[in-house]
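Note that chain A is present in both complexes that follow, paired respectively with chain B and with chain C.
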Partner chain A sequence: MKKLLALIFTIAMAGLLLSACGGSDDPAPAAGGDAVAQANELTVWSWDPAFNMFAMDVAAEIFARSNPGFVLNNVEMPWDDIDRLITTIGISGEYHLLPDIMLIQDQAIEVNVLMFPNLFTDLTGSGINFAEFAPGKTDFSVVGGRNFAVPFDNGVTITAYRVDLLAEAGLTVDDFTDITWDQAIALGRQVLEVTGMPLFSTYGVGASFMDVMVKSAGTSLFDANGQPNFVNNPAFREAVDRFIEMVDAGVMLLPGDWSDYIGTLAAHDVVGTLAGCWILGTIQDVGPEGVWAVTNIPRLNIPGGTNYSSWGGSSWVVSSNANVDLAVRFLNYTFAGSTELFDIILPAAGALSTWAPAAASTIYQEPQPFFGGQTVFADIIGFAQNIPDFVGGIHHYTAMDQIDIALGNIINLGMSIEDALAEAETAVRFEMGH
Partner chain B sequence: MGHRKFFKLGLTQKQSLIGWAFLSVAAALIIWMNFYPMARGFWFSLQSGVGAQMQFAGLFNYSRLMEDPQFRQTIGNTFLYLVIQVPVMIILALILATMLNDKSLKFRGFFRTAIFLPCAVGLVAYSLVFRQMFAVSGIVNTIAMGIGIMETPFNWFGNAWSARLIIILGLLWRWTGFNMIFYLAGLQNVDRALYEAARIDGANAFQQFWKITIPVLKPIILLTAIMSTNGTLQLFDESFNLTGGGPGITSRSMSHHIFTAAFQGIPQIGYASAMSFVILIFVATLAFIQIKIGDKR
Partner chain C sequence: MYVFLSIAAALSLFPLVWTLISATNSNADILRGTMLPGTHLVQNFIRLTELTDIGRAFWNSTRNAVVATFISIVICSLAGYGFEIYHSKAKDRLMSILLLSMMIPFAAVMIPLFQLTANMNLLNTTIGFMLPTLSTAFLIMLFRQNTRSFPLEMIEAARIDGLNELSIFLRIYVPTMKSTYAAAITITFMATWNVFLWPRIIMISPDSITMPLLISNLMAGYVADFGVIMLAVTIATLPPILLFFFLQRYFAEGMTGTIK
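Our next item is the complex of A and B:
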């Protein structure tokens, strides 16, 4: 009898284990769009509690006023995780794990739409008026004439300088406005000599920083046939040369990872910084008030070089697993329809919209006391209009990964720039040949 | 009673039936969690394409392997870790096990626990701690400058050889105690009379170690060597979290490279699966050689 019990017990356990691990019928806790989810609830993935998650919360509050009982499940998910989950879910076909809405880096929209045609909901004809967004922004989310995302923020690149430190070197922020990188490096040396501090810092070996330099001239890393073009690309070479010159001169500090970079701002180790305008939140945190000024970025000294660029804007996509009707109504009411939303999140989080009606808001024209009365947001909107068109194409991230390796080879291993770029170009060509 | 017939089976049959019942659960789980993904992985490795649009491509991914200089470099890196770390670790673990097997040693339990403990630490957690220790403003540079070995801080992760050295140090720290426990367990089965007899015959400590300890532990050394080889060839966490594979890709491991191919840029699942099968072949070959060399009875 005991043995029979043991046998039954074993089989029962096995059954339990298998069904518990099987999981294909159970909705994952983060998934939102399953039939079991409440009709008035949306699950959203985004990554920054002080920025895009905050914006989502404000949007939910505004939406809930006219939709009583609306619940937002605002999940924090780092971009790298979202990116990998999209890949994993896309390849395995387990779409039921997707949330209703995800925030996605602009550069990643086209490639994922092409790779996983059934992952996102086509928002063309959903009632959202995409014509009200800046065309340079929607370029990223229109694939084959169809709209796949509602734009969120604008990654306009800015530089912010400590005017008190510049003054020690006899300089003002005007000396850093509308200049070339050659001039910036010369001024950086001057500042370094007087204050002992580097002009800029960035994370890793500076691949993202390099990306911004390249975009500012609208330079493509690929030739007309779609092949990588690193070696015989004067604009790209100019960017690499100037960046390496800055590192060698001590004008550019490379402290390590992202948090080390933020650390250099918090510890006041640098005179300025170059980043997307979302850095304004951090700058207001580290202070001190009244000594920071914002201007445009240096330009590459080549034909087509501009003082304007973009650092990682992002957009909201609706997954194919969503409560599509509710998700579209929500986005249309808030990020594509509420000036009130942008009036709150702009000063609080530096979330600069690309939605035209929001730009008309008077809040953009207000002088910001923290920045010594500068009308920072109006200035940034001015920058935004001058960013050259740049669509990196679906192999953009592959190119950036190899540029990251190439910069490491040059900066840390002393490889010549020619060799490192040739190697990177070969590697990208190899990866594209799958 | 319906179950009567069941109990008509002989005792041995019943026992073996119950044995199979237990076994079938484990076997089913292994087939489902290990063999099925492996078969799927092999099927993936024969396909090519972007994202969900995969097409059968035969051995295309395997022929691509031959032309990938970055994969070659990561194979080199991984085998470098293997040939340095595994022998050093096994020798260290043997010495430590012999020392801690000495009955006259005080606080033996404490030392055993302390040396074993690192392998209970999470891989990511210890990688991040090592990363902090060797950071430019980290404790290693601070101490070295404090006692005057170095004048300026050294960028440990900015040099290919120091980055690799840190990975090897991390591996040694984490896994030596783990292997030591196996040897300690093995040594408990050794008759102390053997050592006494050797001592009476005038054998010194090294001779006792070489002529008694090593031969007795040989099967266990073989087991740990295979496990360590297997583990090191699949090295991922240290490469990914500790050095980020850098500078360049000079400290990137094979598994890290596979991860990059599968999840960064355009996902190349087919190619990544093909690379995984190369690791499988390496592990199987090395294990086979080790068994052949070790098993000379």
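Our next item is the complex of A and C:
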């Protein structure tokens, strides 16, 4: 018996060893350079099969109709992993491992262009008409006057409210349209008193919320020299003051991480939410149908304050290892040239475009029964055109981390706002190497 | 004492129980905080197979972990045996240098390792996956320390009986040290099964995906389905748990260097 078991074990191990040593599963599938040999093939890295990858598959089908034999290798890779690989490949110089096209978070474009100048292909003058995209979106991908990405999903910030709950407080969604944050907080108190429910919830401690509020006034967390500008920044100070006021008043719920935030929507613990318009998919998941309405966001009560902002989304970059001609033709034909593409992915995945011609489509103009017949998508496209220009910053994520810490210190430890912001600014400068 | 241990055991087991329960619930139920088993196990499994190639990921993880564990155990046990049985001052110094390598975080060697693996055309391969784990200072140290309890008289007796050095290792040392081997197998298998960072940067092809990468992919969407994710986590947890249950009798003895 023992000999039989030993024999089985030996055969199994030999089989596994042979299979392990028998060559690679796919020696270099990610390398766009290899695609040059296969002139009609592109490899793409992106995440979320239900959203980004779905959109890419639809784009490939549309492109293949006029380019017979076109093949798209749609590789799933979470953003954190794309980010890690970009850094690894950038530092090691192994650019031949890059795919033809990658999806990249808007806030990460500038920092990677500056850190690794040979990573992406400059798309300026490639024939893609960037003027047709919303300026609030292309601001992320223009570095030094050069365009490095084709914008994809719309990061327009919206507020969505439960109109049935607002009605209990004698309010309508119109009361929340084109208002200031002071007015929003007053209305939030009114709703809280009647329904016992906070107006909003958000994830983390609110850094993303701060970022959106500051951008809505066309300003930034960084000054024109790229230095953190927390302490002497009226827009940021106003945003922090209003945010803390909301938390103190019980108008803003801070449940924890992303899934906890989604949980507040699923459990119907809040009257509304403020987020990028991609939140519409979640809202439609949690329901109920017919009681949600969408409007613009409150504005900061300072000169230049507007009711429009961008939460950020993602864009397509062409790598330096790409079959550039094919990749540019593909993107130009689809994400920068096909209303059919956006007509398919909008109802199927809730993917809104920042490409202006897409907004002319009849699908965008259709009333949405889930939102009580509101033409939600046309409204959001309208918001997108009003987002003020803003200055980005290559240390965006560093700033976000430190702002979360500062807000945590203010809310949980009772630290003064002045001290917390000064500490955060110093910490960001330190991390930037100053 | 039993009350305290019971509370500690309940706290330790809670995440696992919650994972199992969540695997049977819908995403909406989980977000509502349901703590009772649901009826969505089959739906979650169907969705999981629709969204991912879990069969391939499971096979890749199994193959990578088994092969890496087997080779690693062979190399490290030979090294640990050699360092102790044939020890000299020079070898002791070499062992000290090896132990120092435990202090270097993986992130510090990741980029050069990536360059090396890419230049050797070993990306997306099991060999590339396991190269950094084949010889670890910890395992060599484990075998070396436990070999100190091994009675040298047995080796001398075997030599007198005419056994060569390899036969002594295979026919006397290995069977005697089975507890140490069990501990080493458990540790190495769990480490290679769960490893994330290294395969994430070298297993670029979808055909090379492993279970931790698959779970990471599932969590990357704008709308996460936690029922599906928890089912994937449950499936990914089973092999290490089964291995541990199978070898747990020897595990504690192996870790403490007991020889029977």
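We take it that the second predicted complex is superposed on the first by the 387 of 434 C-alpha atoms of A that agree within 3 Å, B and C clash if a C-alpha of one lies under 4 Å from a C-alpha of the other, contacts with A are read in each partner's own complex, and residues count from 1 in each chain.
Convention: a contact is a pair of C-beta atoms (placed from the backbone, for glycine too) under 8 Å apart; a residue touches a chain by one contact, two chains touch by 3 or more.
Computed from a predicted model, the values in this text were never measured in an experiment.
Peer 1: Could you say whether A:49 touches chain B, chain C, both of them, or neither, answering first, second, both or neither?
Peer 2: So A:49 only meets chain C here.
Peer 1: Looking at A:413, would you say it contacts chain B, chain C, both, or neither? Reply first, second, both or neither.
Peer 2: First partner only.
Peer 1: Answer with first, second, both or neither: which of chain B and chain C does A:114 touch in the superposed model?
Peer 2: The answer is first: A:114 touches chain B but not chain C.
Peer 1: After lining up the shared chain so the two structures overlap, which partner does A:427 touch, if you call chain B first and chain C second: first, second, both or neither?
Peer 2: first
Peer 1: Given the touch rule stated above, what does A:250 touch, chain B (first), chain C (second), both, or neither?
Peer 2: neither
Peer 1: Using the superposition on chain A described above, determine whether A:405 touches chain B (first), chain C (second), both, or neither.
Peer 2: first
Peer 1: Have a look at where A:259 lands relative to chain B and chain C in the superposition and call it first, second, both or neither.
Peer 2: In the superposition, A:259 touches chain C alone.
Peer 1: Once the shared chain is lined up, is A:372 touching chain B (first), chain C (second), both, or neither of them?
Peer 2: neither
Peer 1: In the overlaid three-chain picture, which partner chain does A:395 touch, first (chain B) or second (chain C), both, or neither?
Peer 2: first
Peer 1: Just to be sure I follow: which residues of chain A are touched by chain B in one complex and then by chain C in the other one?
Peer 2: Common to the two interfaces on chain A: residues 13, 17, 21, 84, 88, 91, 93.
Peer 1: Residues of chain A touching chain B in their complex?
Peer 2: Interface residues on the chain A side: 3-4, 6-7, 10-11, 13-14, 17-18, 21, 83-84, 87-88, 90-91, 93, 111-112, 114-118, 205, 255-256, 394-395, 397-398, 401, 405-406, 408-409, 411-413, 415, 423, 426-427, 430-434.
Peer 1: Touching chain C in the complex: which residues of chain A?
Peer 2: 13, 16-17, 19-21, 23-30, 47-51, 75-81, 84-85, 88, 91-94, 97, 259, 262-263, 266-267, 278, 281-282, 285-286
Peer 1: Quick one: in the complex, what on chain B touches chain A?
Peer 2: 3, 6, 14, 17-18, 21-22, 24-25, 28-29, 32-33, 48-53, 64, 67-70, 135-136, 155, 158-160, 246-250, 260-271
Peer 1: Please name which positions on chain C make contact with chain A in the complex.
Peer 2: 27-28, 31-33, 51, 60, 63-64, 66-67, 70, 110-112, 114-115, 118, 121-128, 130, 197, 200-201, 204-208, 216-217, 219-224, 226
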